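In this document, chain identifiers A, B and C correspond to the written order of the chains, with residue numbering beginning at 1 in each.
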Amino acid sequence: MAKTNSGRFFEDYSLGQVIEHAVPRSVGAGERALYHALYPARHALYSSDEFARASGLPQSPLDDLAAFHVVFGKTVPDVSLNAVANLGYAEGRWLRPVYAGDTLRSSSEVIGLKQNSNGKTGVVYVRTRGVNQRDEVVMEYVRWVMVRKRDIDAPAPETVVPELSKVIDPADLVIPEGLNFSNYDFGQAGEDHRWDDYEVGETIDHVDGVTLEEAEHMMATRLWQNTAKVHFDATFRPDGQRLIYGGHIISLARALSFNGLANAQMIVGLNGGAHANPAFSGLTVKAWSEVLDKAETSAPGVGAIRLRLVATKGGAPFELKGDDGKYLPDVLLDLDYWALMPT
Amino acid sequence: MAKTNSGRFFEDYSLGQVIEHAVPRSVGAGERALYHALYPARHALYSSDEFARASGLPQSPLDDLAAFHVVFGKTVPDVSLNAVANLGYAEGRWLRPVYAGDTLRSSSEVIGLKQNSNGKTGVVYVRTRGVNQRDEVVMEYVRWVMVRKRDIDAPAPETVVPELSKVIDPADLVIPEGLNFSNYDFGQAGEDHRWDDYEVGETIDHVDGVTLEEAEHMMATRLWQNTAKVHFDATFRPDGQRLIYGGHIISLARALSFNGLANAQMIVGLNGGAHANPAFSGLTVKAWSEVLDKAETSAPGVGAIRLRLVATKGGAPFELKGDDGKYLPDVLLDLDYWALMPT
Amino acid sequence: MAKTNSGRFFEDYSLGQVIEHAVPRSVGAGERALYHALYPARHALYSSDEFARASGLPQSPLDDLAAFHVVFGKTVPDVSLNAVANLGYAEGRWLRPVYAGDTLRSSSEVIGLKQNSNGKTGVVYVRTRGVNQRDEVVMEYVRWVMVRKRDIDAPAPETVVPELSKVIDPADLVIPEGLNFSNYDFGQAGEDHRWDDYEVGETIDHVDGVTLEEAEHMMATRLWQNTAKVHFDATFRPDGQRLIYGGHIISLARALSFNGLANAQMIVGLNGGAHANPAFSGLTVKAWSEVLDKAETSAPGVGAIRLRLVATKGGAPFELKGDDGKYLPDVLLDLDYWALMPT
């Protein structure tokens, strides 16, 4: 098996190391349609080229989460093939829309390392950047994963845990060039609620539910060239279940959030996120949101809104953690992001 | 839940009301490929740009039924979210082909209202129009649905039941500009049978069968941004089954009808249709057709043929209704449409 | 049923007969994205337009196997609708890349006929050619199938068994015009192993596994307009299972082979292939390869490598046949092909 990639283990990472991930990917009309087939996505900016143009963009960009998935997918063979757990995200920013015809590459810099006290695993922190064919950074984010050691006798590296912002300062959010919501058509977008209508602390039950299917999560995960075998091989886990890629749940919950947040058009910041419990085929996913913050932006008619997006597989909306501070068993996802909304 | 859309109830409709449906949609190469992946579609005009050009069109249009599904999907949040039943279609006409790059919007006018005698529900008649980015109407149709009342004490509206044509007069069918079947290549189209070869009353068993899958009907239905939860949420119905969007059965039956009607290239009129019984995953759908009428058109080499298309989940072909005049339990769909065929 | 196609039977073929298959097909961005959603395809030349341009091509071509499937799919109604078994492939060559916007047609010439001794079936040999809208041949291959007779009393044709090359002479492989791997980026391609690093006789376990789903193989098979009912209709076989199109296993195995053969970029020759055992939903497919031969080419930096690609549904890698010379029950596919690789 000398020629196959068995992935990196904890001792293969070193601080400051930059990994150029393989297999650049061109995206276009096919990825766009598939995103609409796989998720109940309805945000008008991504559905209608005309709506995007009326908002100052040349056409509909690739869905922000699809861009994230492509960039993320490339990192899997190098970062998470031997990961025990995906521990968190921080400092995610979308820096430039991705359009049909663009080709994306990813690279990751190791910004932190910490061996666990059991000596068998360690935590690796990477800052990943996605760039297009013009070498423009289209997005970046930090994630940290727990990775197995190949050799438990390998010496522990010096512990470096990066200081990460809990929340992206709204002043650091990048608004796509030309974005203008001054003439925003609320009727076409689907809801009348504007930035002014949302209050910090407000919660929204997105009502709808979608039952997960093996064929759908596998097609979605493959589309982003994410190759982690646990998503595809029913013989990999003792229980015969395929673990669903966490990003599938993110996209599903975001699409469900249209109902109540139809005007939270563009995602520009990812403050943090946790895949609270694993998701499997047959579960029915629902979603709720909480308004965490609001901020003005310099773009005409554009406000920023910070949202908590929670995906569940049951239970009542708005319940997140138990008395022990742990996520309730029905919670699948707790995501904290900034979106742009007409004021 | 103030910010989520809980749909309109019977008393929210008024005669003459025009509802502009939300979320315009751009279509392109992705929708075209997905249509071929989801349905066994083989009509040459939609499969080959070269065949379309040889027929006088600039390229292959989006499948006529895909155009219908996009226009229809937009109406769901406003018309059928609280519908108990989809009762019928009439006066459907395709007025202009939809091409890659087009962006579609829909609006519906309330043309009839009739409260049911139980006082709990009523029938709403709407005429829906789909327009492209140049505000050209691409299709229109009437449908009527039974909708719940929010408040059973709300007063009944004046009963208005629109007079609807049972059949579209062939003179009112719109032939796409430039369509010309004078040099039609029957070999490339797949069958030799021309308009002259079909006789009124003739029946055709389309032979092939396709077994329904959850992932496929959900992807199809999402692709058209149809959000009715009964199609996606296995917890919605007490029996745990997801009801399949009726349009999925229409597209499947039409694609199956290639075998025997390969030259019924374009659908231009929808005279009526009934979803006779609900469809669920695991059923195997077959189809048969009956020639109901024929008419000449003004376009070179182009004839119109009126067809009954029946989808079944079993039983013998050509059996439609029992002695009681009701659809047999194996019948899923009874559709009456006009298509264009080389003479 | 006079108007439906019931397929050709053995006695409907005659030596030298040329069948022009119906329904030309235009391909584009949608087919490309679906191929990536349905298979874990990662070869950089097909994933990235930039990588393709750096290799001397105008953009990424349609995956070579997708081109094969489109050409093959058209032949099904004329060649294999009444086939009992798909017996083999030979002399397959890819002659010209297929690009978005191309429209493909197929034709087949009957090059051999042999009635079986039971008098009920016969073997038909056809050479199939796929051409684009400029009438340029994009690929050709020979396949032979066992076909039922309609009338077992029909006289046997003269037996003609064509002489077929066991292996395509590397001098006969067609290298796409302009292909140049002189500046090949191994980092972006995903692996460092070049043509020089592979030795004849070397075997590679591709490690990953993918579990088969009904919705996925049906969508894939429909996408190529392959209409053989055994793939779609769960009522067709007594055991209620849908037989999976052999080409689905070919594409799946080829995509899995990325892990260890990431630089085997383009497929240019199909020496032979056997679908050793039928595949059904629920099985988990793994793959291994063996290097059978190597050859130089005239293109800069481009070598040819002959590979055996084996797909299995279990068992150990590198085991192919039992002591009786028959394929082991876990073997699904044994394919012999030429690929192009950077030297």
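Note that contacts are C-beta pairs under 8 Å (C-beta built on N, C-alpha and C of every residue); 3 or more make two chains touch, one makes a residue touch a chain.
Just so it is clear, the structure is predicted and the values come from calculations on it, not from any experiment.
*Asks:* Does the chain-touch network form a line, ring, star, complete graph or other?
*Replies:* complete
*Asks:* Looking at where subunit A touches subunit B, is over half of the residue numbers used by both copies, so same, or under half, so different?
*Replies:* different
*Asks:* Just the number, please: Cα centre separation of subunit A and subunit B in whole Å.
*Replies:* 36
*Asks:* Touching two or more other chains, which residues of subunit A qualify?
*Replies:* 28-31, 33-34, 213-216
*Asks:* Touching residues of subunit A toward subunit C in the complex: what are they?
*Replies:* 1, 3-6, 20, 22-26, 28-31, 33-34, 77, 100-101, 103, 105, 133, 213-216, 218-220, 222-223, 225, 227, 229, 232-236, 242
*Asks:* Which residues of subunit A touch subunit B once you look at their complex with the stated criterion?
*Replies:* 28-34, 36-40, 42, 44, 47-51, 60, 187-191, 193, 197, 204-211, 213-216, 259-262, 282, 284
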